[in-house]
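The following pair of complexes shares a single chain, chain A, combined with chain B in the former and chain C in the latter.
Then we have the complex of A and B:
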């Protein structure tokens, strides 16, 4: 038992995780210089609440990317979960808990739809999830054309509150890691996902079931995305058919920044989670320094380019067209 | 038993059948009348093989004899069209390699099937990791079990918790074998397992194979190294054109018999058949070489290659597949930027091209080995494909392509090459393989380089188109072009080439010239062993 803790700790502190960790530390330091109040229970809560949704969405994206795909429907599914939960939770007394579970089931089903189209439809993940993002986004608009709805106050408090220095959003993130990610990652299916993402043919020849592995990856990604959607619902206490949009590309950015190879098979989840925090905190740090919001995406983009060129150049260059030809 | 009778019947029908195996021994694996066709090509036809407990059984054949297809049929990667496989007396049909492995037939494939990002232990036990009650993988048990398997194999120096991408190719091969053995198979298929190994590692692998044999397992061993087969095999099955043409016991091994079987009847070494076309060509021995290669090496692929091509000469490249022939052509075409040494002189210009476009500028053209992914741009028209290499000459001063000149040139080449198409605007993908290849050759004819590199241009091409391609090559020789022609077909090399260089493990095993070129000689050199270079090397 101790062995695997040591093992996963060792793996967690890989080079790829180091980049977002250092980046996050730097950003927090800069933030703190301008705004010392962040070291307080209020500061902790605000940083954590701002970042957890992206961190969980990044976990979902990581899973799909490691399985050799990409998920462009993350944002739409977040919007749909939010609209679904905010609209029906307050509809009747006692509906909250069934709807909560229903939202999670909805996430799994949406993920399975992606997975089935990729696996059985033999379509490119990029195309499949682009299409399903329209479908899911359309459903969200059907349920709730305008932002609105409500959630029980206990629900909002449960996910966004805090116990002195411990934000409940952080508890949600840790729970997602412990109860969704780790059980998957430590099972044979998790190993199969890594194998399939690296080389589907080898996985097949090694006696693994590539279809099952991919379906699992998409389904669990759907579940995680729904968790992120629920958290955003609790945070905004309403449903919004456009609330998820930014999460699609931001989750991909977090995955890339977290050192997960877009070619599949490689990476761990710690990097993307930290990157999720980093990308979300940059925004607040910039604001604290009075830098205009217009600069934010430009700065985010530059940071990504810097990391990719400076650090990931070896990974990116390892398979140029020349080497592909000569293989 | 039924299958025993059936087998002996079909075995008796085989030409020069030698009944093999001791009578009291029961075969673990019997495959009978296996056939597999891909489209119209029959890769394997009524092949038979039987492997007994406690023997190492070698499978031999020249290029394209159907060895790898047979291995894929036995291991469950492919399913036979007809025929039956018995494993320990029971009929089996494997849906996939895993089923075969569980049933007791494990395969080590030529292409390594490891996952580089995982550890040695994780790779060895993939899909069969020991698990806890909740389904979590017990990493410490995985490590322990992998250590056990490696210890059983007598392997030292491979750390089970090392990540596979940090291992050498030879070490990976050992891990691959450990992976295959983790399911404790009764019979192990080794497909070119030694190709990546150095002498020491090979020796260790042989010890391993011997100990497997002594413990009563069957090993089917495929290798392109004759000396290895002689050293380790108890019996061999020889394939030719997808058919089983002989079973030999250890005491019957004799290289010339084996080569005879691999080549088939009617092609004994004294017949000078098929040399007419090359023999007609005037001798160019006095002319200055257009291409001169001296002591050219490429990291891990080519070692000390020295060759020269004179204008109007066809130099053949031969040998078993993957011995460096393609690497040599790619190197000459500028596809390697670094990693080579030696001197090359092309058209009187020293040094290698460092990019393909530089190579084209220096007058080199390459007809690549894979028509579909490297030769043609499939969705583009025949016209666009044909003019692709010579667009520079077809553009006007504004940089636009002059369509009417393009059309004229394309029309000329299409009729000269007898390409059968409805219209030059037709996408090249709709053409037959042979016509596609003609267009690809036409692309270079339009550019008019002085050196043509052909990479197995007639593979998968129908007979009519083949004849057309031979004619083009004849014509190029008459025009005084320098031609390097790599082919996997012996007959072609014999009939077309002025000289043939046989490559083995990235070295020149020998160069045959004039009347010395014949199929048997080429095949013998293909199985040449590097150690006794001085004996075999001959330059006539």
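Then we have the complex of A and C:
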């Protein structure tokens, strides 16, 4: 047990996690200089609330990317779960809890659909999730053509409120790490997911079941995405068929910034979570300094490019041209 | 015996040209789609309707030139939507300020070349996976557009030359179609009748092998990404001519649709097999499918669902990978 903690701490503080950690610390520092109020219970809640959705979506994306795939349907699934929850919660007063569970089941089913199409359909993850993003986004639009709906006030308070310095959204994030990520990651299946992402053929020869591993990765990613969708629903207290769109690309950005290899098999979840926080807080930090929100995508893009150039340059120096082409 | 040999040879030719993948399947799909459309409403088969379809398909087809080339070498270009928007807005502004079609076009070309060079630098030189690199470039271009326009409505003075290319016609044939035919023919010729085309396919099949047999991979990557950037910005200018205005997010729907067109056209996302002919048919098929669903008056949500399911279904039937494990 002790060894495990030491090990994961060591792995957690790798070079890859260091970039987003330092970046986040810098951004928070810059933010704090201009707006000291962020070290208050209100400030904590606002930072946590605007970041947790992307952090959880990034966890989902991380899982799929480590399994050697990519999930372009994250945004559509977030929209769908938001529309589903907000619409049916407002329709049936007493049925909030079954609807919540139903949304999570919906997420798992959507993930399983992606996984089954990749595993049994033998199609490229890119094209599968591209198509399912149309299907899921269409379903969201079908349930709720215009933004609207409602959630019970206790539901919104439960996810977005705070207990002095502890925002409940942070509790949600920690709960998803403790109850979804770690049990999976520490299990045989979790190991198999990494092995399959690294080299499917070798994993198979070593007696692992690549199909099962991939299916699990996509299904759990669906579950996490639904959690992110539920959180956004609590935050906006309504459903919106377009609310998730930005999360597809942003989750990929967070994953890359977090040092997860897009070729699969390598990376941990701490980096993407921190990057999710970094990408979300940077905008409000700059706005506190009076820089207009229009700069958001330019700054996010430039950060990504800088990190990619840094990582690419490092690899370029350390490997021969032939090794590079082989990868 | 001879018969078997002959059959083998025919099969080999089929495989080599990818007849089933690239020609039979997309063309068959197109015929089915047109037949469905005609059965539902004969109006669909009138020249006016077909002309509109072809116009819409042209934008996808031209943006698809770059996407096809990028996918053929096993990469992808996701920077097309922001490229389209930026090129359209900048060239419209340039025309509004100088009233010179040439300068406006040069501006768009400049956007395309810059995008292409940026993509080339990251993908070929730094060896960053193209998916994420071109996505970041897309984000940066989007940011540049936002900061440049300051989120106000950009200029909407479109050069009459561009408008003529989109709406005009030469002896009854729409100028836009002639333009697309020229671009498409050039692309097909380069792919199938030059040494460059062969090297491009070789690179897509196995980069290491082609590099070790003497192909300079930079000499392939650079033209591919330059073409992709320029094709994107030309599509942007044409699109502004079609809609008669420019606006933020005008290229957004060109992220996924050209990829769908390329894949329907039989080009493998793994690289090395496929070609532009499939994309050509694929872009018409995508437009036809969309307008068919529109004409059935299904809700926008259902239309998206059907679109996704139909493309998925076609992939499942025709484009499965060989089982590996």
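The definition used in the following text is that the second predicted complex is superposed on the first by the 311 of 327 C-alpha atoms of A that agree within 3 Å, B and C clash if a C-alpha of one lies under 4 Å from a C-alpha of the other, contacts with A are read in each partner's own complex, and residues count from 1 in each chain.
Everything below uses one rule, namely that a contact is a pair of C-beta atoms (placed from the backbone, for glycine too) under 8 Å apart; a residue touches a chain by one contact, two chains touch by 3 or more.
What you see is a predicted model; the values in this text were computed from it and never measured.
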Please indicate which partner A:266 is in contact with in the superposed arrangement: first for chain B, second for chain C, both, or neither.
-> first
With the two structures laid over each other on chain A, which partner does A:188 touch: chain B (first), chain C (second), both, or neither?
first
Can A:204 be said to touch chain B (first), chain C (second), both, or neither? both
- After superposition on the shared chain, which partner residues are touched by A:289: those of chain B (first), chain C (second), both, or neither? neither
Kindly classify A:154 by the partners it touches after superposition: chain B alone (first), chain C alone (second), both, or neither?
neither
Checklist entry - With the two structures laid over each other on chain A, which partner does A:70 touch: chain B (first), chain C (second), both, or neither? => result second
- Message: Per the contact definition in the header, classify A:165: touching chain B only (first), chain C only (second), both, or neither.
- Response: neither
Problem - Partner chain in contact with A:42 - chain B first, chain C second, else both or neither - result: neither
Winner on chain A touched-residue count between chain B and chain C: chain C
Where chain B and chain C land on the same part of chain A: residues 201, 204, 322, 325-326
The answer for chain C against chain A in the complex is residues 76, 122, 126-129, 131-133, 135-144, 146-147, 150-151, 207-208, 211-212, 217, 256, 259-260, 263, 269-270, 299-309, 311-312, 315-316, 319-325
The residues of chain B that touch chain A in their complex are 77, 96-98, 101-102, 109, 113-118, 122, 126-129, 131, 134-137, 139-140, 179, 327, 330, 335-337, 374
Listed in rising order, the residues of chain A that touch chain B in the complex are 3-4, 7, 183, 186-188, 191-192, 194-195, 198-199, 201-208, 265-266, 322, 325-326
Residue positions on chain A within touch of chain C in the complex are 70, 117, 121-124, 126-128, 130-135, 137-143, 145, 200-201, 204, 210-211, 241, 249, 252-253, 256, 262-263, 292, 294-302, 304-305, 308-309, 311-313, 315-316, 321-322, 324-327
